[in-house]
Amino acid sequence: MATNKKKQPSVKKKNSRARRKIGKAPGTITYLGKREKTASVLKVIEYDEQKLEEFETSDVDALASFRAGPCTSWIDVVGINDESFIEHLGKVFGLNPLLLEDAVNTEQRPKIDDYGDYLFGVFKMLYLDEQKNIVSEHVALVLFENTVILFQELEEDVFSGVRNRLRAKTGRIRARGADYLFFALIDSIIDHYFEILESINAKIEILEEEVYQDPTPEVAHRIQDLKKEVLKVRKWIFPMRELVGRLLDSESKLISKDTQPFLRDALDHCVEINESLQIYREMSMSLMEMYMSNMSNKMNEVMKVLTIMASIFIPLTFIAGIYGMNFKNMPELNTEYGYYVVWGLMIVLFIGMLFYFKRKQWL
Amino acid sequence: MATNKKKQPSVKKKNSRARRKIGKAPGTITYLGKREKTASVLKVIEYDEQKLEEFETSDVDALASFRAGPCTSWIDVVGINDESFIEHLGKVFGLNPLLLEDAVNTEQRPKIDDYGDYLFGVFKMLYLDEQKNIVSEHVALVLFENTVILFQELEEDVFSGVRNRLRAKTGRIRARGADYLFFALIDSIIDHYFEILESINAKIEILEEEVYQDPTPEVAHRIQDLKKEVLKVRKWIFPMRELVGRLLDSESKLISKDTQPFLRDALDHCVEINESLQIYREMSMSLMEMYMSNMSNKMNEVMKVLTIMASIFIPLTFIAGIYGMNFKNMPELNTEYGYYVVWGLMIVLFIGMLFYFKRKQWL
Amino acid sequence: MATNKKKQPSVKKKNSRARRKIGKAPGTITYLGKREKTASVLKVIEYDEQKLEEFETSDVDALASFRAGPCTSWIDVVGINDESFIEHLGKVFGLNPLLLEDAVNTEQRPKIDDYGDYLFGVFKMLYLDEQKNIVSEHVALVLFENTVILFQELEEDVFSGVRNRLRAKTGRIRARGADYLFFALIDSIIDHYFEILESINAKIEILEEEVYQDPTPEVAHRIQDLKKEVLKVRKWIFPMRELVGRLLDSESKLISKDTQPFLRDALDHCVEINESLQIYREMSMSLMEMYMSNMSNKMNEVMKVLTIMASIFIPLTFIAGIYGMNFKNMPELNTEYGYYVVWGLMIVLFIGMLFYFKRKQWL
Amino acid sequence: MATNKKKQPSVKKKNSRARRKIGKAPGTITYLGKREKTASVLKVIEYDEQKLEEFETSDVDALASFRAGPCTSWIDVVGINDESFIEHLGKVFGLNPLLLEDAVNTEQRPKIDDYGDYLFGVFKMLYLDEQKNIVSEHVALVLFENTVILFQELEEDVFSGVRNRLRAKTGRIRARGADYLFFALIDSIIDHYFEILESINAKIEILEEEVYQDPTPEVAHRIQDLKKEVLKVRKWIFPMRELVGRLLDSESKLISKDTQPFLRDALDHCVEINESLQIYREMSMSLMEMYMSNMSNKMNEVMKVLTIMASIFIPLTFIAGIYGMNFKNMPELNTEYGYYVVWGLMIVLFIGMLFYFKRKQWL
Amino acid sequence: MATNKKKQPSVKKKNSRARRKIGKAPGTITYLGKREKTASVLKVIEYDEQKLEEFETSDVDALASFRAGPCTSWIDVVGINDESFIEHLGKVFGLNPLLLEDAVNTEQRPKIDDYGDYLFGVFKMLYLDEQKNIVSEHVALVLFENTVILFQELEEDVFSGVRNRLRAKTGRIRARGADYLFFALIDSIIDHYFEILESINAKIEILEEEVYQDPTPEVAHRIQDLKKEVLKVRKWIFPMRELVGRLLDSESKLISKDTQPFLRDALDHCVEINESLQIYREMSMSLMEMYMSNMSNKMNEVMKVLTIMASIFIPLTFIAGIYGMNFKNMPELNTEYGYYVVWGLMIVLFIGMLFYFKRKQWL
């Protein structure tokens, strides 16, 4: 029942994609997420090595000058389901409509596109909520020479570390330009993937224990859920390696030489994450195998009990049945110790059987 | 029975391919579809930014001038089983016989060929009919500088969105040339693949629920059908990624620079579709695994019931059998409370067994 | 028994390969097939656009002039187990001994070698015999500028369509040179592969039905045979794609530009065939899985019958046993309606059990 | 229980990675290992062909001159959890902060980075402890023109062979520069991988025997543990092949031409190790399969015993039941030899059953 | 027991590798085989087109001049466990120590190294001993301009065919140089791989028959042994394809143009061998699957017998039990034909059951 409920919305959401998109021209800005329409808010951080200013606004036009301003600025667009607002923002900053379509398409696969004057990236940020469930949020980034625009659906994000380092004044991040900020945001997303990996790893270890101790059907179900979770996470994380690799190889003038070693470091992390995911996948497949083998063991146990009980008592019952027959002429019945002899015979049979099963190591 | 019927035609159709093709020269125009022979109809849309004209005709020669006309035109050839008509059309537009062979070969794998003066593509358009079954229709496209020729078997297609946008006058599509129309048609085909993916995903989720609740053999059969469906859909969709990729990399003069970003967008969709198909494939394999594990569980359940019943009552029956023997000398039989003692013994045994199975967690 | 017989020759044949080859110098012409030694016959078709001549001969020297004759000629060598004849033919046409070794090596993997003045190809032609079994025959082709030499073991082949088109005078094939003939022969081999695919597909569909209806061990055996057949066919067909691809990419002067689009078409077919084989392979693996799941179902059925019968009647038999005991003092036995009460109790138990199993959905 | 305990720390350790790293700037030196904070010790070996000097120090500044000294020196940093010490050392030798981060990151995947003036590598050294468990230790290497810096967590390592060869004076190692020392250390790590492979191989062979002799659930559990071990070892070892390959292809001026053949030799070993790991992986998967098949065999055995016992005695008990009925008019009961006839019948049935099961090869 | 014995030495041998190698400098000549130390013998064949001389010696220095002699010579070093002898030979012929290390390392993976003046190759020769077991022997080859040095452990080898062709005087081999001899030796090794493949194929066919006829646990064990054998053989044979391919692509001046077509032929064989191994691998995996399905069938058979016996006789026994009760008031007991009616009822039940199981196709 619960499973059923959990899945319904996901089906509905997916259905709506095809329904909302089919027949529309490419480049049409169509929000595909599940949130209700709310006003977008712009949170701006403007900084250079000396000063840092933070403010909120919803007036896009006031920000037009930032694109080529003297300071580095980070414009954080919170709320992307007001399609006309996004379109206006796109016009002010001279963004390609195809870019805007991807920026609000919450189903968009991770990608990085080089538009010459600006770089555009779509990522999935993954984090754990209080119930330790994996939450995935769509994030889009635009890198201009001096400005980074960040599109996100909700206020919660994985970037508080970056904000703190910016405010701290002492860090390297204040001294460097927008490209380093762009890297720092991606790096922050990748760092949180490790948290996801760890939560998957913990689940695998718990399931391993349970499969071994008590392989109920419910455990099999959770193993399958885990496998699906790994598949889903892989779908979101897997492209990162190639994206960061391509960013490194590209010769975009927007990425300075100083930022490249940091990107290489991020690439290393992506490679490691993908390898871990691969291992988790194999481990989750092993779990199912282990489950099946434990089921077999249990069945064997059950069968042994049945076989031992039946093999011991069916022959004994047969003997009792013999002397329960009503033939007139059954000499044994009239002997004085016949009854005790039969008891003796039965006890011998019983012990013989026990030995037999002992020797077969069924006991 | 029903399954049997459903499959017969597919066998017959396939057989006919080899039978109709073997021994013929390559380049022989041979319709391989299942439709009965009907006259082909040409539906023409001629447009530029100012005006749009729609008409139907079956006179090919009248269209010869369109190939290099001032407006953009879309010639939609509905019905491709009149081989002589297709041959004539090919001559009028100067098309290669090998192209025509592929255009009417409804078994043709998706492909894009560059003939220098024109581009040729074969695609599968997939959509859901009213019963939510996946329908696949063969589509062939020829792109000239100013004209797109579309070959299709039936009138139904996935291009109504494109037609509406053309008629709407305001859209980008009216302002751009035949290459954008060519892209828009391919994009429309790809967009409909998402609908197919969603229907597969929905089926997986329903089957997941059923495997968990009630794993009948019929469910196993439907899982296998799903796996075959995924294989078939993959066969049709999978080549698209490479085709669109090659189209992008090719330097055909027929594809203008303005259309390229749109093609890149379509390529992104193809990549995403292929990844989803891969995930669905793994999920459908997991379904079967889950089914087997649930079957094992059920078997275990059945065995436990049998074992508990047999283990409890066989020993009791044995005891009853003992005192059903007819020995003359059985002292217990003549005691006053022997019968009650035996009942007591049986009840103790019964309760003992229950405790034993309780401890084994079989109850 | 039958299976056993069928396999023996294949083992023997294989053994002989190693035995006949080991220790011989490379380039030694060694026939590896199973046919008894018979005289080779040369069937020649000489043609140009105007005239066509057909004759049989066994005099190789008379054909020496054909290699560079004014007409196109097709020399069909039927029977390749007379090693000295083949050697003589090789000398007359100036063929490399390694080529001749491959031409008569019926175990040779498909290959295409470019010897500069001539191209050499080895292929497997596959067709169905009357019993619908797949027959594989070794074929070797040499392409000179004006001549194609074809080596085959038996008269039966898949080239009757090509012969008919040659004789028909009107076809494109008469107007084109030896390279088109070379292509037409390969194309004919590839076309017949579709027939094989269809026969495999038909087998899969029959087995699918049988697995579902009646999964006997014999069906499992036939699934395994099918899997082996797919493996074997794949071994023969799979290399074709690469070979035709390489032929296209090579810049052999023997292949004219006009023939290239036809080769590209053949390549498309090879790609499609390989994809189908891949799908058939996955489907045959699914068959075995389905078989196992149906076996499990059957077992479950059997177990349920046993469990229901035993669970219902063992307790009833126990009750009957109780009142079959011979204790002197068993008050129930002497009551007037005791017997009917017991019957009542038994019927209640019986119905209760039925309800219990009904609720468990075992009935 | 034991398994449970063994796993707890690994979860904790992993958790800490994300917790310690998230929100920190890249390049922050963060020790991720499990050791408690202890002072780092520097063990220096300074040598040329004539002389060799060994000493311990903890004064980094004194070593600054070594980087470009006349002799070759090997600085072995034992203990890497004093982050400020590492930072100071980095400054003295002019090392990139990202390098230092990786040097103390005990979770770092094996890597080799070329920083121009120096090469940096991270490796896992694997060895067996006394209980034959696989121990993995993080090792980082920096190669300057005349100096190799080695970072390791503990004093134990796999480099005693290298130290002995250095002290021996006669070996090639004394005559060659720092690049050969760098190679010798990597080679020593790789050599120890063979020991690990052998221990895995031994485990596989023991498990094979046990699966065959006595497939208890505990054996299945150990097979799964083995599979996880192979996965883990593969994760650490697998990247080595690519790393050494890249080192060979790189044109770093730090690797002299004389050292290249030795690196090629090390690459060969890596290839061989990876192949062996692949084989072990397949063998460990076969083990599980074998286990399942043996479980099936056992189940079959159990079922046969039950079926034979039940099939023989249930019909006999039925016959005894017949003549235990109390009908007044049962003529057989009053015949003189009825009882013996029934015994005869039962013995015939018994023997018949035995023959039947013998013929079925169940006995 | 037997299996146990067979495996012990293999463990020991492997253990010794790590033990003997760890801590030694690379390039140290360390024999890793299992043979006891014996003197090495040099068997020399010196030949050109006119003359051929064969002799045995153990004096390496006398052969120094052969390296650049006027004739082609083949120096066959039999016995490689005298490490000092090998070292001396290496000095006389100017061989790299790393080469010598590989030449005596019987665990060395197949490889070909180009040392400029000479080519070096390590191969595994595989042949069947009298008991049809696969024997693998380590072989190393050095090709100088005029000389081939062959290192092998024992006198037995697969090269008798080459020797005979050399002695025969008429063959091509006498007319060609050392590079052709080098090729002929490799070709001879590859030719013997076919023998191995055939023996594996024969084993698969025997096992297939046995799995079908009589799937005992011993058969499962032999299937696993076969799988391991295929893995091992693949490990030795698989690298050959790449090695021969690289030899062809290399532009070593030691390989003349005339020898290249022969190498290409050898490459073809390698490709074919690898494909066959791949097929054998899949077939051996299918065997296990087939085994499991036959086990399931057998289980089903057993269960059916049990269920039929129990389902028929348990209800009948219950009826007999009813009329074995001792109630005073049981009217049926006193009727004249009650006994016969009960028999009639039982026979009807019996036949009904038989029909029921017949209809279920369990009989």
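Chains here go by letter, A, B, C, D and E, matching the order in which they are written, and residues are numbered from 1 within each.
Here is the rule we go by: a residue touches a chain if its C-beta (ideal position, glycine included) is under 8 Å from a C-beta of that chain, and two chains touch if they have at least 3 such contacts.
What you see is a predicted model, and the numbers here were worked out from it, not measured in a lab.
Looking at chain C and chain D, the chains in contact with each of them are E. Between chain D and chain E, the superposing rotation on Cα atoms measures out at 70°, rounded to the nearest 5. A separation of 26 Å divides the Cα centre of chain A from that of chain D. Distance between chain centres (mean CA atoms), chain B to chain E: 43 Å. Each of residues 292, 296, 299, 303, 306, 310, 314, 317, 321, 324-326, 330 in chain C touches at least two other chains. Starting from chain D and moving next to chain E, the ring of contacting chains follows the order D, E, C, B, A.
Taken together, the chain A residues at the contact with chain B in this complex read 3-4, 7, 10-11, 14-15, 17-18, 21-27, 96, 98, 101, 109, 111, 113, 217, 220-221, 224, 227-228, 231-232, 235, 288, 291-292, 295-296, 298-299, 302-303, 305-306, 309-310, 313-314, 316-317, 320-321, 323-326, 330, 332-339, 342.
Every residue of chain A that touches chain D in the complex is listed here, in rising order: 160-161, 164-165, 171-173, 184, 187-188, 191-192, 194-195, 198, 201-202, 205, 208-209, 212, 261-262, 264-266, 268, 271-272, 275-276, 279, 282-283, 286, 289-290, 292-294, 296-297, 299-300, 303-304, 306-307, 310-311, 314-315, 317-318, 321-322, 324-330, 362.
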